[in-house]
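Two complexes are shown next, each including chain A; its partner changes from chain B in the first to chain C in the second.
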Partner chain A sequence: MGGKVTCTLGEVKQRADFIVYWGGNPAECHPRHFTKYTIMQKSKFLPRGRKDRTMVLVDIRETKSAKAADIFLQVRPGKDFELITILRALVKGQHVGDAQIAETGLTREVLDDLVQRMKTCKFGCMFFGMGLSMTRGKHMNSAALLTLAAELNAFTKFVAMPMRGHGNVTGADVIMRWQTGYPFGISFNRGYPRYNPGEFSTVDVLVRGDCDAAFIIGADPGATMPQPAIDHLKRIPTIVLDPHVTHTSRLARIHITTAPQGIAAPGTAYRMDEIPLPLKPALKSPYPTDEEVVRRINQAIAQKPFWLPEGSQPQMLNAQV
Partner chain B sequence: MTLQVVNNATCTFCGCVCDDIQLHHDEIRIHEAKKACVLGTAWFLNHTAEKKYPDAIIDGREASLDEAIEMAATLLHEADMPLVYGMSNTTCEAQKECAALADQLGGLLDSHTSL
Partner chain C sequence: MTTKRFILNASRSSKQGTLINVGKESEEYQALTNTMTMAASDMAEIGLVAGQAALVRTEFGEATFTCEAGKIPEGMIFVPYGPPTCKLMGGNTDGTGMPMSKGWEVEVIPL
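So, the complex of A and B:
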């Protein structure tokens, strides 16, 4: 996500007078997002709080979040990319045909009004969720929305931010970017990191049956992945680290119980705006932390011969702290 | 019974990562998570410091942690193309160890993001 036009939630809380949620349901999935960071907060620049802010929700169906919104736009499923492209054209004052607009399930008046509001706000922020980034178009949708945010900066301050799902997924992106240069879908099989989602992303790897062992930590693919992927996990030796015995643990050869992060394990977690926050565990777990277990596995593997011939060993990540 | 209080604890259930939660606990379980939302409260109250599961399970039987670590290392080392996946519900410190693990093994490294 290098080069994306974004900001921290603190800035949104202080300044954003125009907030768009696209393909997400914060009322149910990020329950404190409204009250803590976005529409409900009063600030120096927006002293009347909710009254000073406008919220727009773009989604394929009317979720609970629609009640909180000033404007709700119901886009036809799978037409997000088209809608973003139309908005980009309208922002630049280019002609858009009626047929194109009708295709998205919205009207010209609504879109003209939206574009007008986008251009005239003081600080706009678009939050996009899985409804945008995991449906038809996938990362192309996210890229288009980020471009729209960038282009709106010709008129006013505008940013975009993904609504990251649960746990520390943002942390995983950040750590992988820091350590390897890429955010996910990485292969080290040539001795240096290579990035190719589709080839090295887990679902594809498992469905094709490309890997011959799996180490699963802080996730439960046995409950969420498509059946062919789960079948492959059953075929190969799978190792699971989790505070609970999960679906994946049941089909794995090894399960190791670890302390739950933030409750009994200390450490750091990233907020969706890539702000690292320290964890404050309240309990003492009888189990070791993930960090400790993975480090010990690393040490045990380091005792064994390296997989490349002697003398060709590249510099390892843990040697360059 | 007096409960101990942890101020400004961090909830990691969703991407909001609220860091203003007040936890009331008796060292075994958390009884109250003030300021947390319904999802966060469920997350805090569902985890305890009790020993509910064995340290490790190998092929369906209970095993010790040392044994499980040794066997995990052997299985991963023997594999030609091991996959390191997940890293959603864990700390950055553990994620860094995972990156080192995939690197050392010459394997694949991927997170939930790619789904």
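So, the complex of A and C:
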């Protein structure tokens, strides 16, 4: 089974009476999530707000978000996939052994109660964070959770949504998806998009040393990527566009300061539910926008003569024709 | 010196998010990303006291952190993402495009 059964945050705000946060700490990382969309809002269908909603937190430690939860489930580190698989079995009424449940650090009573609540709620939503998607199992954990959400629709309305971080990271995925058909890990070096995570994804390209230049817009890989990738960025000509001087700026050959989006530059940001929101600048900035800088670089490149002798094409393109 | 192994999880905090706007080169941001939190019982077991520096080592690299006690399950360490955690991260993505950024097995050596 593939795909994502999901909805907008507006629907969550209006209808979700059962919320699960899995491997995320919204109290610290998405501080407005509780109050704007999930547990605190009163709505037409949930007029008593918090009293009409149940919130479950699944995590490996008791974070600040646990204080806001009705039920906190402390799963053993690295056992998320096992727990989701057990929940899928219990939802379908299949037998699960005691030893398998004990492995997750939880009890049968707790899981039976959770499954019962999941099947009997009116509208359930599971939000999952990096504690699920970046630990052992990675995308398989996410796929398992999305499958659980899809299967729960045999009993009630249930959806799932990733807790996206950083400014407009969803926008990057959405735009790449509708322009190329793929969300990330795309190579254009044959003149058409090819998708292969592990080969064309940024970390892999940098760690293998496949690229001989890097152009980074509004990101700070120098503070987040593995050291071998950072070391390669230091070796090659790296250009950074960012409103702030970052760790990546320090290792780059060129840093161009740009106006911050949504504050001094207009544009569109995609919310985590993939809803595009227009940004209106409130202030003026002496710096150009990212778009303006990229446009000017494109114009400068267009004025240069083609890099191969006249009439010839790159070898890869010839092979494809 | 100890050989006890811990599970290190890199994470984020609201304070870190706020400090990004102060600047990643600010003293507060540097201090935050160089501080690890672990259970008081684990600290006592390996002979660490609050405020003491410790060398954290993975199979890929090592970095020095200041240690503080917190409400953390035994056997685990939490550190905000930052340049020191980059040094501990391996470059292999197992074909997924995403390196393992949580759940590293580490050795902690009090300094």
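In the analysis below, the second predicted complex is superposed on the first by the 300 of 321 C-alpha atoms of A that agree within 3 Å, B and C clash if a C-alpha of one lies under 4 Å from a C-alpha of the other, contacts with A are read in each partner's own complex, and residues count from 1 in each chain.
What we mean here is this: contacts are C-beta pairs under 8 Å (C-beta built on N, C-alpha and C of every residue); 3 or more make two chains touch, one makes a residue touch a chain.
Because the structure is a prediction, the values reported are computed rather than measured.
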item	value
Touching partner for A:Thr156 - first (chain B), second (chain C), both, neither	neither
Which superposed partner A:Lys138 touches (first chain B, second chain C, both, neither)	second
Touched partner set for A:Gln41, first chain B, second chain C, both or neither	neither
First (chain B), second (chain C), both or neither touched by A:Lys280	first
Touching partner for A:Gly218 - first (chain B), second (chain C), both, neither	first
Larger contact residue set on chain A - chain B or chain C	B
Touched partner set for A:Thr8, first chain B, second chain C, both or neither	neither
Contacts of A:Pro226 with chain B and chain C, given as first, second, both or neither	second
Partner chain(s) touched by A:Gly262 [first = chain B, second = chain C, both, neither]	first
Partner chain(s) touched by A:Pro77 [first = chain B, second = chain C, both, neither]	second
Common ground on chain A, meaning residues reached by chain C in one complex and by chain B in the other	29, 31, 134, 165, 184-185, 197, 201-203, 224, 244-245
Complex contacts: residues of chain B adjacent to chain A	4, 6, 8-19, 23, 25, 27-30, 37-40, 43-44, 47-51, 53-59, 65, 68-115
Contacting residues of chain A [partner chain C, same complex]	25, 27-29, 31, 60-62, 74, 77-78, 130-131, 133-136, 138-139, 165, 184-185, 197-198, 201-204, 207, 220, 222-230, 244-247
Residue numbers on chain A that touch chain B, as the complex places them	29-33, 36-37, 134, 163-176, 179-180, 183-191, 193, 197, 200-203, 205-206, 210-219, 221, 224, 236-237, 239, 241-245, 249, 253-257, 260-272, 275-280, 282-291, 293-298, 300-302, 304, 307-308, 316-318
Interfacial residue positions of chain C with respect to chain A in the complex	7, 9, 11-14, 17, 20, 23-25, 60-61, 71-73, 76, 78, 81-83, 86-87, 89-103
